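The chains carry the letters A, B, C, D, E, F, G, H, I, J, K and L, assigned in the order they are written, with residues numbered from 1 in each.
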Amino acid sequence: MSDHVYKMIEIVGSSATSSDDAVRRAIEFAAGSVREMRWAEVVETRAHIENQKIAHWQVKLKIGFTLEGS
Amino acid sequence: MSDHVYKMIEIVGSSATSSDDAVRRAIEFAAGSVREMRWAEVVETRAHIENQKIAHWQVKLKIGFTLEGS
Amino acid sequence: MSDHVYKMIEIVGSSATSSDDAVRRAIEFAAGSVREMRWAEVVETRAHIENQKIAHWQVKLKIGFTLEGS
Amino acid sequence: MSDHVYKMIEIVGSSATSSDDAVRRAIEFAAGSVREMRWAEVVETRAHIENQKIAHWQVKLKIGFTLEGS
Amino acid sequence: MSDHVYKMIEIVGSSATSSDDAVRRAIEFAAGSVREMRWAEVVETRAHIENQKIAHWQVKLKIGFTLEGS
Amino acid sequence: MSDHVYKMIEIVGSSATSSDDAVRRAIEFAAGSVREMRWAEVVETRAHIENQKIAHWQVKLKIGFTLEGS
Amino acid sequence: MSDHVYKMIEIVGSSATSSDDAVRRAIEFAAGSVREMRWAEVVETRAHIENQKIAHWQVKLKIGFTLEGS
Amino acid sequence: MSDHVYKMIEIVGSSATSSDDAVRRAIEFAAGSVREMRWAEVVETRAHIENQKIAHWQVKLKIGFTLEGS
Amino acid sequence: MSDHVYKMIEIVGSSATSSDDAVRRAIEFAAGSVREMRWAEVVETRAHIENQKIAHWQVKLKIGFTLEGS
Amino acid sequence: MSDHVYKMIEIVGSSATSSDDAVRRAIEFAAGSVREMRWAEVVETRAHIENQKIAHWQVKLKIGFTLEGS
Amino acid sequence: MSDHVYKMIEIVGSSATSSDDAVRRAIEFAAGSVREMRWAEVVETRAHIENQKIAHWQVKLKIGFTLEGS
Amino acid sequence: MSDHVYKMIEIVGSSATSSDDAVRRAIEFAAGSVREMRWAEVVETRAHIENQKIAHWQVKLKIGFTLEGS
């Protein structure tokens, strides 16, 4: 990370496929409203269970992005 | 929680009445700017003391809400 | 606590009324299957939100009870 | 908090009524020996169980007070 | 989560394939003795190493399930 | 640990002799109802004090055991 | 802190000078978009190293500010 | 613990003999100035090394005692 | 640390100058009532903000000192 | 784990493919300089983002290996 | 600790005798390759169970030693 | 951080001047034996007290460096 000011936001991504994919989808969705994302930190991994099976993964992550003008 | 993307925000609510009421007031206030709130997680409970008595409770919480379009 | 062996179980209680009541209801329910409960430790406090208001409190707690014969 | 030196003490308050009341009683009791209390931080919430019901709540808290002369 | 009482159990799942699969297998195995599972929280991820390679993943998780009658 | 599914239970052992002995006694007692115990993790160590001396040690531990059929 | 609702945001400040200056610069930058800041909590301190020397400090902090109208 | 107000103090005990003995000595020493001690919680265990051997154990503990008049 | 019994106290120091100075001032102030201080551990660093700038730093620390006669 | 002395080292592995692969690559790389690796514990999972997508996963892990001669 | 630079290493010691002895053996073994050890911090205590009894204790510790030339 | 394998080492730096300087000196000293250092994470900040004043700061940090050939 170079010499900037970053903001962290906390997002929960979901995916029926895998825990990695839940992270990927959260970042993809955040890309619609946040520019210059730089890194993500996984905070918590959960699985939602239906009919005794994993229905989808839910991963809470913090995303850091460069604040424009910094 | 179903298959969506959620955002977490961190709020500190205050109340002269009770710690639960501080949570309630934080959620009520957040309702003015955030739609589709789904859950809150209590992060920290404090009491502000004046004249040797609790003047108000202060509860830090994280609120999760569904991101529109997810 | 006196000189026994205890077992801890982890329960999540719910209540539309208050966070304390969620603890009370968890203990009440556990009383149906566990004898000799001695103490409970609050692990996590959450609120489930519907229509922008707290629908019910959810409190995760650990309950310690004396193991019979110990 | 303004520009002072504060001391923190750790107290466990008890109450048959509620977890909030256990905090209140701890602060009330501390008021007998400590002046200029400013805030309290809840560290741990427990319930003591007798006859399968909550006999009293026990809340561990840290209390911050201004050191005289600071 | 709706207005119920849940119990949490702690399980360690193993898999030679992936960390996600270790979670899946723990839930699958638990399904043999526990009904109405609702969610799982990943607590710890380890890899068991043999001959300088990952022999299997070991994931410790907590599983929450609805207590019958609650 | 080999390629199995394990369950963790949480127990508090007591001993007037030593903290290690409190662990030993918890495991010994658990042996009456749980087979195939594999490891224990110490979670918390306490001492119960009477007449200004340690009356007994109390150690909270998690015990992992192989689930039969896994 | 008086009887308001506060919001917390998480920012990473950078400075070639000192860790304190990284906090100062984060707050200064945040002042461009957030009013009524009240306090900051240092969450993590890092140093970015180039050519075997500290190139800049990076401090992650949470900033609390009064929500207007609360 | 019955329905009282307790105070916690933090002490580091030392012993050349064992970690348990460091706890015992801390409690013994505290007995000179504090009455009605009820329990101790081990916070941290260290060993001080001299000449490549353990010279003494150092255990940080919190001691809870009943506040007189509570 | 040599073979003694130590007591820990928790203090919050303030300084308009720097976070290090807040630690220094807390120790300086404590020196008025506590002898034989040996070390301090920084527990929490905060900044109090006024008019969108850091008005003063607030650092919570634990101070360890030798108990006389130990 | 049998009756040996182990050393833990902390490594960060990277992979463009998956978080599991980042662990695998860290272990593979460590195999070049460390013998008798026994287990790994995942400490932190991050994703490095470029052009609004995950460029590579970064997983910090601790690896335990048997010390020769122990 | 005086004015030096120290390095920390993380070691897991084992002992069939006691948890303290596992620490002692880890330090003894480390003495073969590391000079000027100064202190150890216990990070984790486990017991390995065989035939429903503790086969050996396993204690993870960090050892701090003075870097030569510092 | 780009697509490499990194190793973390844990160092305690000391300085009579400031906490930042303790970090700087630890990194400077490590530069004598480790190449390609990339970042440092502050883990713990302490002050060593002599004659009721800070004699030197002691900061424990983790340093990450690129493993050659990765």
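Basically, a residue touches a chain if its C-beta (ideal position, glycine included) is under 8 Å from a C-beta of that chain, and two chains touch if they have at least 3 such contacts.
Keep in mind that this is a model prediction, so the values were computed, not measured.
**Student:** Look at interface G-I and say which pair in C-D, E-F or D-I is its repeat, using the rule that over half of the contact pairs are identical by residue number.
**Tutor:** Of the listed pairs C-D, E-F or D-I, the one copying the G-I interface is C-D.
**Student:** With centres defined by CA atoms only, which chain is the most remote from subunit A?
**Tutor:** H
**Student:** So how far apart, in whole Å, are subunit A and subunit H when each is placed at the average of its C-alpha atoms?
**Tutor:** The computed centroid separation for subunit A versus subunit H comes out at 44 Å.
**Student:** Let me have the rounded angstrom distance from the C-alpha centre of subunit E over to the C-alpha centre of subunit J, please.
**Tutor:** 22
**Student:** Can you work out the whole-Å distance between the CA centroids of subunit D and subunit F?
**Tutor:** 32
**Student:** Once you find the CA centre of subunit E and the CA centre of subunit G, what distance in Å lies between them?
**Tutor:** Spacing between the chain centres: roughly 38 Å.
**Student:** Taking each residue of subunit G in turn, which ones touch at least two of the other chains?
**Tutor:** Residues 9-10, 19-20, 48 of subunit G each touch two or more of the other chains.
**Student:** Which part of subunit A faces subunit G closely enough to touch in the complex?
**Tutor:** Where subunit A meets subunit G, its residues are 1-10, 62, 64, 67, 69-70.
**Student:** Quick check: in the complex, which residue numbers of subunit D touch subunit H?
**Tutor:** Residues 9-16, 25-26, 29-30, 32, 48, 55-56, 58, 60 of subunit D touch subunit H in their complex.
**Student:** With touch defined as at the start, can you tell me which subunit L residues reach subunit G in the complex?
**Tutor:** 19-20, 23-24, 27-28, 31, 35, 37-42, 61, 63
**Student:** Which residues of subunit E touch subunit J in their complex?
**Tutor:** On the subunit E side, the touching residues are 18-20, 44-49, 52-54, 57.
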